[in-house]
Amino acid sequence: MTVSDYKALKEIVGEEYVLTDLEQTGAYMYDEVEKAFRPDAALDSIVVKPADTAEISSIVKYADTHDIPFLVRGGGTGLAGGCTPVVESIIISMERLNRIIEIDDKNMVAVLESGVTLMQLLEELEKYDGLSFPVHPGDEGAQMGGMAVTNAGGARAVRHGVMRKHIMGIEVVLPNGEILELGGKLIKNNAGYNLCQLILGSEGTLAIVTKVILKIYPKDNYSCTIVAPFERFRDACDAVTDILKSGTLPLAVEYMDKRLFTGTAEMLGLEWQAKDGNADLMIILSEQTEDRLFDAVRVINDICEKHDCYETLIAEKKAEQDELLLIRSEHYNFIVNDICDSFDYAVPVSCIPAFISDLKALAASYNTGNNIVAHIADGNVHGDMWYVDGKTPEYADEYKRKMYDLVFKYNGTITGEHGIGKIRREDLKLQLSETELSLMRGIKNVFDPKGLLNPGTVL
Amino acid sequence: MKNNEILVLAEQNYGKIHPVTYELIGKGSELAAKTGGFVSCLLVGPSGIPCEELCYRGASPVYYMEAHCFENADEMLFKENIVSALKDIHPQMVLIGATTFGRSLAPRIAGALNTGLTADCTDLQVDEDGRIIQIRPAFSDNILAHIKTVTDPQMATIRYKEFNEADRDTTRSVDIRKLTPACTVSGIEILSTQELGGVDVTKADVIVAAGRGFKKKEDLVLAEDLAKTLGGVMAASRALVDAGMVSSQIQVGYSGHRVKPKIYIACGISGAPQHLAGMKESGTIIAINSDPSAPIFKVADIGYVGDLYEILPMLTERFRKERTK
Amino acid sequence: MKILVLIKEVPDMQKVEFDSERGRVNRANAPAEINPFDENALETACELKKAREDVDVTALTMGPPRAEGSLRIAYARGADHGILLTDAKFGGADTCATSKTLAAAIRKKGGYDLILCGEKSVDGDTAQVGAEVAEFLGIPHCYYVEKIDKLTSGHIEVTAEDLWGMKQTRRMPLPALVSVTKNITTPKLPTVRRRLESREIEIERMNLSSLEDILTPEETGAKGSPTKVNKVVIPPEVKRESVVFREEPDGFMDALASVFLEKGLV
């Protein structure tokens, strides 16, 4: 880019909202992919911080006219390198589009600019009596636009599904700068192809999402977290499928290898209270009334007992539930120094026991181990690969390939929620057929014929 | 005749007079000036305490109940003897420091005298009828309740360091009246006594307090170094205690210690209400935080928005030089 | 060995709101919970129960009918019984009247060897009720206990912070009252089985007429309270000068140095 490009961009957004010095732009280059596996950023990229949709449209028109690649940065909490510029680009940071435009509690929707963070939304909803939004990918710094285009998941998908289920409409800027509104506050809408849903999950490659119309929900007033320890992993899995069959709908059903629960707790100066067993489930429930909550607790407890669990524990106080959740979410810091890559496979729920036992056997065949953390009732399994003597092992590619073969054996997917981004493009070819890939390329070409929007992502 | 005596229950700490006693004599004198009464002092302790000091501070008379057994920290002995003395003296008001001593003893004394007690007062005023308005914070210091007691004596415990010590004037007359203990044995056996060990954050003039902004236990050395250089001590917010990084002995906040140093430097502490309740009365509050919207800045006199990992070593260096100058 | 744990139901302090304009405390959005300090007392009792076969633990609370919920939680956490002391005539009690009423109920039930409570409540923060109850029962007490060293049928040995901030071990005859600090133990999670049971158990209720031979209406509630709250003020936020330096270490350090100089601390 040239000085005249900087000047033009400064004219659009204002002098102080264009960052060109690496000392300032450095913080905008990466997301949360492990250092060893993240893509190299094009450090000559610059950052612009538009104030609204119109400014974004002007930036995009300028980029289109001058053939400059561009991409969007949200909260930077992604796990696939989606917002890292791999060629010299204009990074459009959404941080100033952070207005909550409307909380409409008649239609139960929220209209938000896409830079609104999850934390901001949740804080705003706190002010209304009894409203909430269920999708929670873990990091509340995530922005609505990012959560939309990556179709974010998280632990609570058991009951509430993933992000696309909750989005009724979006406003987008197309790669030629044109502004479009797709969908709206409508429950039913069958007019033509659903372009809104096509853009959700496109990882910022088809259009720039500037506004999101989101479904909001009544808040559950009663919640609890159950810890159910089992001797055998198989029994824990059987309990999960029975729970899903029973009609009780937990918010989340989480599994972690026991040593992660105990080790993370110890790291935090806490104690993992389920001493018995080798396979612990953490089941989060929430309901509108206390009676309904305990009806569900009873059903779930009976199922766990039927599958030979040890004594189950319950947390109801917020502080106690938060502590359990903290142990669950901080496990990453317990293992972060040991792992060189992490995975996000998903398989049909019924295949989980066989899949995980195959994964453990595969690790053993390489004389290594793995940490398994799963949104188990979604069939979504996070696994990892360990450093050997502080380095990425030589067998890394071969090992990864064999893991994927296991995924495909069980008709699974290589990514349940993190997405392809820039780090799994080659891997995607292993999973999808050439026909599927070429249809996708065709769609990309319709939206972005010049290929300027977030090049090197997904396809 | 109405007795208008305001009695300060002196606190002796293994034979040494606790400074809260002088603060209460000072406040008591102020109230007495309005009620037309006088301030007296009851000291229950081992022999040999130089209690004319209490007179120099303005208490008269000073009742001194002296016995060997008061070397022991035995609530029952103190309670029995204080109650019997108060029944004879009949003061209109009894002031006690809200220290461990006061918190443990005052309720029993009030119970035995069948009178009301207001805990942890931060101010006392006199109403038009000469009764005392006792002002105490509640709900993590978010409210101030104004309380009156309808029975006599009106009893209150008052926070340490809330008032200035009474002036010392050795020309004041010394009126010491010795009392005989009513009982010298209780059923309690003290098996051992030892120092708690560690630092006492409530006594420090300078506190450097660390919060969530510190990522690792090892990093706390930055706060420790600064504290040492400034001649103060390190304290911590609850977050670090919960994370197992420091002992609860140095926790400042509602569920930890209340502190009132001359200078309080909060490093990487966001300033949750529970924390503020423990330190907002400090002389000068300095806040260091990378988040300019952190609530701690609202109570700070001087704030620094930036990285504590950079500024703390700079401060230590700067003050080290200042010292050696 | 009969152990009684005094518990208080308090609002979740994080959710209590303060209206400084009208001087009001709004607890409506704050769910009720067992005073966290009392949970330590309850856990201590349950640990004693695990260590000795003959221990029977009762949780006692005074409060409105809905405080029964806290007694059910106490059962889930390991108490054997719950007693709810509830009567409109108990309303408005200060610490003195509360202690008298609790002491009356304890006398009425009779036979407790050890009474445990938390070091203070998070809402009232007076730390008075424990010692006053002990006084009205005429039994010894010990505050700030961080360890129970020994419990026999006639005595208890504890480690506590003494009146003057030293660490003391002492032996007291039973019955006695002990208030525990947070350091004594960490409350454990209840089991699901016990929590489900707790929703079905019988909670014993006592009211003023259950105590009629021990407590008169003049000794309890607002009537029996020698202290009266005249008014509640929400203090204005202490305004401080708030000079803020952004990424200007030199200016900040100069300002700090002059504060130290001013206070004579350099």
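Read from first to last, the chains carry the letters A, B and C; within each, the first residue is number 1.
We adopt the following convention: a contact is a pair of C-beta atoms (placed from the backbone, for glycine too) under 8 Å apart; a residue touches a chain by one contact, two chains touch by 3 or more.
This structure is a prediction, so every number in the text was calculated from the model and none was measured.
Chain centres here are means of the Cα atoms, and by that rule the chain farthest away from subunit A is B. Looking at B-C and A-B side by side, the one with more C-beta contacts is B-C. Centres computed as Cα averages put subunit A at a distance of 43 Å from subunit C. One finds 21 Å separating the Cα centroids of subunit B and subunit C. Inter-chain spacing, taken between the CA centroids of subunit A and subunit B, is 51 Å. Among the residues of subunit A, none is in touch with two or more other chains. Chain contact summary for the complex, subunit A toward subunit B: residues 268-270.
By the touch criterion stated above, subunit C contacts subunit B in their complex at residues 13, 16, 18, 23, 25, 36, 94-96, 99, 122-132, 134-136, 140-144, 157, 161-173, 182-183, 225-235, 237-238, 240-247, 249, 252-253, 255-257, 259-260, 263, 265-266.
For subunit A in complex with subunit C, the residues that touch the partner chain are 226-227, 271, 273, 294, 297-298, 301, 311-318, 320. Taken in their complex, subunit C has these residues touching subunit A: 12, 33, 73, 76, 186, 188-193, 195-196, 199. Residue ranges on subunit B touching subunit C, taken from their complex, read 13-14, 73, 75-76, 78-79, 100-101, 103-108, 110-112, 114-120, 133-134, 137-151, 186-196, 200, 205-206, 230-231, 248, 254-255, 262-263, 274, 280, 283-286, 292, 297-306, 310-311, 314-315, 318-319, 322-323.
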